[in-house]
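Across the two complexes that follow, chain A remains constant while its partner is chain B and subsequently chain C.
Up next, the complex of A and B:
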């Protein structure tokens, strides 16, 4: 009988529950309640490769863990970049972590934006509020290999001009000629010369070939729903649209069920889903 | 603002509002249209004034503003090329309920309310078709307003 290979001893297997210590190397205030943290390994560690759209579980020691999307450049895996908005105790503790603070990292987890499927096509990114950070790695990747993609259109909506994250970088993107980056806010005073209104209002003006376009959406679920409607009215189909969903993730490895959405575990099967695969669950109340 | 009718420069039939409209509707209204151009900062309409026209925006950007006493004006929406401004001329009392200000150089075609209503009254089929074009605009603005009220991006 052929010898069956045995699993490595338990002590050799990395525990899925054990966070790896990272040190906050840089903390940048994005808005009044949102910061971007650059994390570097606290111990000698290999690089931390990830795919655009994936997330990590960040551990504020003594407080708890939260799922936070990776917002950095996949081509620079030596450090981890996360953008965190204060929404509760854990995110508040993470957002308050200054340089030198040790945080725990488990990950990366989840599915990614299907960039390979987008090659040769026009690409539309629609972000609402803190939906831009999970999309930024995809934009970095596309811009680094710009020739592989058709037109790139980004629509980014926020509550007010003061709530726009990555403000300086957004201005740089808006100045580029190889993508069109539109920003819009829900309300503004006269000092704002940009657009005011919902991201959906910008969809009819997209300069893309609807039959040969892929859309990546991230933001509040109601925004996703109405944006998909607008994209369909533009001539796209729901299976051309991918969304990043947010649920209450705890284990992040598809065991605990906290993030279950119908038959899907958002942490394991998502957070990036093809919209046509999950749309029926998004209308189920209490799900 | 420059009221500079330059016939032929802009055509009603080419505006998104009339795309898919019954044949001839835009052409029948074309003689009423006045082309206008607004520089940055020009006011198109002012709250409280008589709503005397229907404005079709071809290019540029227009901010719809609500003036608040003792507070800075609030921009609640911006409109651009392909959008239309104003149904107040159809709703009594016909007065503007907000300010509209050009925040980019803006070109429009404008249909004066009186002659437009007369034309639509005289040809009810055209009137019905026109309202079928206008109602989705109103409904979309209402939907957007509801979503803005939900403060989706808030805490």
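Up next, the complex of A and C:
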């Protein structure tokens, strides 16, 4: 009599809708509109394991929820790190949350960067703008186990030097000799000594073995498309490229319908996709 | 004549004993909801007495049209489906998910308590049973506890259709008009000369329990045959049909078909189809703080992929044109639903056709999308390829 696909009885199910309170332990300004929040559980709570590339629904009490990717180190799950840019009411309230403020967390949600598949291979990370925070957990993980991976090449582009996040850390990464971390900006002033131009312009110069490389891309969709083209021109194939996509994620459990892209619920099946699996959807206007 | 009803048994319930059947459901602790006449439409509401049912009424439906008319008999279920579907009970159009209050500098979330009386759904059509099954899958995969709680307590009393509406196409979608789904009770209404009775099939223990004090007798082969004839005649008189073979690929593989631009010239993006659809599940949540800012309620309400902000990322909609929103709805319903849930999202009830204010007909659109895109077909969209 019970229907075939009914879930277990409600009393056995935790509510997927209820945020768990976390306290802002630290707030660091990254740019004029972007901050990094370090969160710790407001009450006794188990550690918060997550995989690089996943996101949480962050809740500003009385304001609402926003999907924010986790930008911290997976090896330190005692605290949760998110980098938030003020884009609307909710992200604005979150970005304004000073130390001690209580915010809500639901998660972690979504797919992860396929780090296991990257072992033994060269790895290219390409980040545009606020695309770096969702890639940082992958970089932490690879650097913590550096010997498992081949060459690591990072290209990080921002509109101007003032829009670079994790500035001090980026300097440290650039100084390392076991990875190449390139930064480029669309428009520079006299203070900038680095490259000027799009991230795609740095791709031909990547020193990787195209046949034995995986690439993780996060940034605006137009950047993703052109970066994939550049990587393919370099000799890689689209199935070696993974992208993190952004859609309107409200529920994060594949139910509200807002984030659909073709058959994919970006919140549940993504945000990280193999490019060859979603290419056909990204090339249709307004899909 | 009364005997205890057995699961799997087929009985006859006389029209005169229908009030006893309603009493039986209430005695078992159910609040009975079913078809009632309101605002010149048959809508689902509380059924306290048999006179609350649409006795002697039928519905005449066409694309963009719905009219109630008198029947020549006193049938209780002599109509097809109205603008409501059972999702309004299982997935209410507006419901509170939780309440949170600030305490000691933190906040505490209290999920909505479960204190509702179990419902008996009286008059569930075969297509609607299929729709409930479809939503069971959607909400089940997402692990939605409030849906599961309500769904588990519901008594489903199906009534097979004895006639088909002009916008019906359940035969095409393989969902009706005969009830094949698991169900608690299934009725078929028979009016023959001066006889008026229901063939009653008992599908579950829960169904059998409400029949304890209801006068029943075993159905004769003649009575079973009369009921089967009714359903067969409904099956033979479907108002619409839709070819489902390969429909997923037809939709998914043709995002640039010129038909999308043609239908978009008529579509008002009013969301009626998605509200009337018994399987559409899209929703939004809203945050409702009180004036003190110390108490907040989280509500959810039905949303629609036709709303302009539905796909908005940072304030800009992915799907700005009506064309892209209609394409999303139809492609999801008949196409990508298969990828997501292993079945079609359409059950062939015809509500979206009837309740479309401009009479857009999904069966017509699906057929047109099967036609090869010809250069001679005018297209309003720059982006389409012939």
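Methods note: the second predicted complex is superposed on the first by the 274 of 287 C-alpha atoms of A that agree within 3 Å, B and C clash if a C-alpha of one lies under 4 Å from a C-alpha of the other, contacts with A are read in each partner's own complex, and residues count from 1 in each chain.
What we mean here is this: contacts are C-beta pairs under 8 Å (C-beta built on N, C-alpha and C of every residue); 3 or more make two chains touch, one makes a residue touch a chain.
Given the structure is predicted, the values throughout are model-derived calculations rather than measurements.
With both complexes placed on chain A, chain A has more residues touched by C than by the other of chain B and chain C. Legend: residue contacts after superposition of the two complexes on their common chain; A:62 is shown touching chain C, with no touch to chain B. In the overlay built on the shared chain, the residue A:87 is in contact with chain B and with chain C.
In the superposition on chain A, A:21 contacts chain C only, with no contact to chain B. Residue contacts after overlaying the shared chain place A:110 against neither chain B nor chain C. When the two structures are aligned on the shared chain, A:198 is found in touch with chain B, with no touch to chain C. Touch criterion met: A:159 reaches chain B, while chain C stays clear of it. Of the two partner chains, chain B is the only one that A:129 touches; chain C does not reach it. In the superposition on the C-alpha atoms of chain A, the part of chain A touched by chain B in one complex and by chain C in the other spans residues 87.
Contact residues on chain A toward chain B in their complex (touch as defined above): 33, 87, 128-129, 157-159, 163, 184, 186-190, 192-198, 200-201, 204-205, 219-220, 222-223, 226. Residue ranges of chain A in contact with chain C, taken from their complex: 1-10, 13-19, 21, 23, 42-43, 61-65, 87-88, 100, 102, 104, 246-248, 250-251, 253-258, 260, 262-263, 265, 284-287.
By the touch rule above, chain B contacts chain A in their complex via residues 16, 61, 63-65, 72-78, 80-82, 103-104, 140, 143-144, 147-148, 150-155. Across the complex, chain A is touched by residues 97-98, 100, 102, 105-109, 111, 114, 132-133, 136-146, 148-149, 151-152, 182, 184, 203-206, 252, 255-256, 281-287, 289, 293, 296, 298, 303, 305, 310-315, 318-321, 323-324, 328, 332, 335-336, 339-340, 383 of chain C.
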